[in-house]
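As structure tokens, here come the structures.
Both complexes shown next keep chain A, but they swap its partner, so chain B is in the first and chain C is in the second.
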Partner chain A sequence: MLYNSEDLLNMIHLTKSDILHLAKLSGLTLTEKEVKELSYDLSSVITFFEELKETNTKNILPTSQTTGLENITRADKIDTNQTLSLEDVMYNANDNKNNLFKVPIILKK
Partner chain B sequence: MFTSVRTTQNALRNKKISVRDVVSHFLTKINEKNKDLNVFLTLNEDESYELAKKYDGLLKENPDQIFEKYPLLGCIVSFKDLFLTKGLRTTAGSKVLDSFIPPYSAKVVDKIKKAGAIIIGKTNCDAWAHGASGENSDFGPTLNPWNKAYVPGGSSSGSAVSVAAGFNHVSFGTDTGGSIRQPANFCGIYGLKPTYGSVSRYGVIAMASSLDTVGHFGNNISDIENVFKISSGVDLCDATLKDEDKKQKDNITVGIPKQYFEKGVDQVVSDKVHEAIKIFEKNNYKFKEVNLPNTKHAISVYYIIQPAEVCSNLGRYDGIRFGNPRNSFGAEAKRRIILGNFVLSSGYYDAYYKKATQVRTLIINELDKAFDEVDLLIAPVSPSQPFKLGEKVNDPLKMYLSDVLTVPANIAGIPGLSVPFGIHNGLSLGFQLMGPRFSEKLIFKMARDFESFTNYKFEPPKF
Partner chain C sequence: MNKYIPVIGLEVHIELSTVSKMFCSCSALHFAKEPNTQVCPTCLGLPGAMPYPNKIAIKDVLKFGLATNSKVNKFSKFDRKHYMYPDLPKSYQISQYDLPFCINGKISLKSGKTINLRRIHLEEDTAKLQHYEDETGQYSLIDFNRSGVALCEMVTEPDFENVDDVIEFLKEIQLIVRYLGISQADMEKGSMRLEANLSLRPEKDSILPDYKIELKNINSFRFLEKALNYEIQRQADLLNKGVKVAQETRGFDQLKNTTFSQRIKEEAQDYRYFPEPDIPPFRFEDKFIFVIKSEIGEMPQEKRVRFANDYKIPQNYIEVLLSDKKRSEYFDKLAELDKKYSIGLNTIANLMVNKNLDQEYPEPELFIKKLLEITKKDYSTTDENTNAVYEVLHEFPKAVSDYNSGKGAVIGFLVGMVQKKLGGKGNPKVITDMLILNLKSPK
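Showing the complex of A and B:
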């Protein structure tokens, strides 16, 4: 079950630009050092995943949940025990004005 | 008197102690020793004493019926810092939420409080429940009370140690890939990962939604049974919940999955499980070898599906409505977010994510088939005894591989219980029992039998 270092010889490489692209998708900014470390660490993890290729999954349905339940809904009514006051909602916000969340600018003139 | 909920409740009934004495016993110990082990991130002292006063009043008024209304009266509990507690700081072990005060409580927190339990504090954990050692906490690692040079396991590290160290009766944790069973095993106590969909996760910070479960730590099986009974059930807030109970039976046949004892599992660990099997056999339990060849794929399946769900769940932390900006995420969270986005990204989705969800089906089918032949399974929990602090922290793959024997239960949504059994080189050993979905009662029966076969008594570590 354990991997051995020989596998690392056939390692799949996530390049620096792969990592930067993924960081962008993830909304993360990374330092040079983090990019280097992630590229090495994740390459070895992804190489380990290669072992899945040996399984035959032809005609096997994917599983996304294990309960077998479908469409569990509650009545479409407001439950006042489940609602929060405006004060509670704003309490943890770092920056707000007139009970509105202040967000960073994403569009430039 | 303070060891189990039952002994504490008996002492309360016989007026030997007050609820205030119980609270004060635990808080004194925590205030004296917490700094040695780094278990609690936030204490709830004022409310604990207020509630003690309330319950002492009620006990005086109506000592006979009070325990019917409050079945957990006198029970002191803590919650992993992943459970929202109204008005009480909740951090998920991460600097992102270092000053977050939840405006509401998790359903299970409310349920336990309503049953009379007193929440004494919030426990340390690997940030966002990512880890198997506790070392990923942004608030420093929790230490193993059996030997402080070793990890207590993770990610529910503080919860496991809180029970082992005698800081409270019971603690609540979460188990997404072994985060209750493995630290329970490393700390010499019981840890239950219930069936997926039996305990509400509403108000619990989500890690990987198709795998996350809420469960319990205790130092005896009856406490675990009681809190599980009170915390489980449908609430219409978590849509995955189901009320179901598998039939009880007397003659239990137990499967020994041979793949759980193969290369990579330390001899001392597997020998101890076989020693337990012998004790069961002497007492008329029947065992049968079962074959689960897809177990070896569980780590890959888990470390594809789990980060995929993690990157989606951690997407909400934008530092705007609450919490700090995304650059406050620690190394492991960043690693999992990036890995999750990789396995989901166009061009890789079929090869990784889709493939993993298909192999997940194979693992589930194989377990279902095994449960046609046997009622429960017995296996080791972790391939090794606790490892040293720092030993695996720089090698993520090595750390991930320590989850190999616990992730299958999460992949299949089945329950698993970590049972403590013996000490070797000053560190704890044990085994896990797994069963089909909603077979908790059968698992409890087998564990209760083991307590009586071995005359089990919790022996706390000296630290």
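Showing the complex of A and C:
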């Protein structure tokens, strides 16, 4: 992606530590080069979203829903038809032991 | 040496005993089940799976809130709490952020002190991780049977100033939950989990400290008590040396009775909460809340007061009986039956508390029958009773005629006279019945 000088002036700048923080939250390991590229790319994406600030939301209530539905619940019943077979459960697992997913150690003592 | 006052707040997780999980129809009974046999795309966190909230779990949380004098948020919703951990494959937990189901509850302690409950919310439990090391190296194993089970979290204000209050409070919460029947609240099985945050403030200073230590993964009241006492001493020692207490999470070492740093990096927690788009919000009508409230039976504190007032048995007996709802109900039945037999509630409570006699007799009627047999040998025999009653009725004709002309109170005098002849060994109930029978149809 190429930027002209004006873009760069108006752009929000994500610092290297912002990028590393986001990478950590996402469980990603980044190279120096990727950090650099991502700080440009993500900065430009966020700058693009800045345009939303121009929208007049004065009389608009915040919402997280668009359906207008409320109080959607189900009865407390077991439906074994939903239950997956062990074969299906483990289908994409990299490794398993005694039908448990096996992953690299998480808590180091 | 400065004196310090502990500032303690609690987080309690309660796994609800609903039949199915929170957002899917898998069985929620995960204890000692074959691993990964009770899972579906939703609780495995597979892309595209939709959460569908369990109505009973929501009602249970509202019930818990109302039983702890909380306010129900009439408009509420679920939110996504993001973090990366293998026990949470979709990288977020469905929880509640700014609009938990219940807020501002209150629990009174025996001392009269009030503990404020900041919030009670509902979320989904995570998968269970086990950590191993063998010749292949170190690894973790994951079982998703627990993933998605309804989990209720209660957070208190940092209102506790001593460890005894913490333990009293937690035992009361456990009791309330069990009385409501919304969870077994069994700490060994993990259906009740405790976390405490603790710091110290100088006695003469009322400002809150600028740090707090979180104590996590503690699975009994006794260990929590020990961990808190150890931490209070550790922090006081550091503060007295002028050392700043490092903010961190600590666990409890059951063998050494000490706490240890869990060295979880305290990088600012950034959960990036946002409203769960896949679950429409909740709006609770007053009537709905009223109905739930009316389903709450007698709570432990109410029972405590009633037992003290109506049964007049010692406080320590009351606490033992109360600690098991079924047992307290059993005692209620015995008290009702005893109106007829006058064995005495102290005797009955004593036999339950100290001899566990109720464990041998599932039926209260049989318990009483047994008790009458035990106590019988102390009473006079039927023959002795018959003779004494016969004699008294002939020695006091005036009292007999008074009774027959309607002066019922004279029966007390006659019972007293019979008891005198029996050396006080008569069963008052038996003698009274025998007197009345003979007065009505004099021989």
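Throughout what follows, the second predicted complex is superposed on the first by the 92 of 109 C-alpha atoms of A that agree within 3 Å, B and C clash if a C-alpha of one lies under 4 Å from a C-alpha of the other, contacts with A are read in each partner's own complex, and residues count from 1 in each chain.
In this section, a contact is a pair of C-beta atoms (placed from the backbone, for glycine too) under 8 Å apart; a residue touches a chain by one contact, two chains touch by 3 or more.
Because the structure is a prediction, the values reported are computed rather than measured.
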{"item": "Partner chain(s) touched by A:70 [first = chain B, second = chain C, both, neither]", "value": "second"}
{"item": "First, second, both or neither for A:23, with chain B first and chain C second", "value": "first"}
{"item": "Chain B versus chain C as contact partner of A:105, first or second or both or neither", "value": "second"}
{"item": "Partner chain(s) touched by A:45 [first = chain B, second = chain C, both, neither]", "value": "first"}
{"item": "Contact breadth on chain A, by residue count: chain C or chain B", "value": "B"}
{"item": "Touched partner set for A:12, first chain B, second chain C, both or neither", "value": "neither"}
{"item": "Touched partner set for A:84, first chain B, second chain C, both or neither", "value": "both"}
{"item": "Chain B/chain C common contact set on chain A", "value": "25-27, 64-65, 67, 69, 72-74, 82, 84, 89, 101-104"}
{"item": "Parts of chain A lying in touch with chain B, wherever the complex brings them together", "value": "1-3, 14, 18-19, 22-23, 25-30, 34, 37-38, 41-42, 44-46, 48-49, 51-53, 55, 57, 60-67, 69, 72-74, 82, 84, 88-89, 91-94, 101-104"}
{"item": "Chain C to chain A touching residues, read off their complex", "value": "18-20, 24-27, 34-42, 44, 52-58, 77, 82-86, 129-131, 133, 137-144, 267, 270, 272, 274-277, 279-283"}
{"item": "Complex contacts: residues of chain B adjacent to chain A", "value": "100-101, 103-104, 196-197, 210, 236-237, 239-240, 242, 262-264, 294, 296-297, 299-301, 303-304, 311, 315, 318-324, 326-327, 329, 331, 334-335, 337-339, 341-342, 345, 352, 354-362, 364, 396-397, 400-401, 404, 412-413, 437"}
{"item": "Contacting residues of chain A [partner chain C, same complex]", "value": "21, 24-27, 64-65, 67, 69-80, 82-84, 86, 89-90, 97-109"}
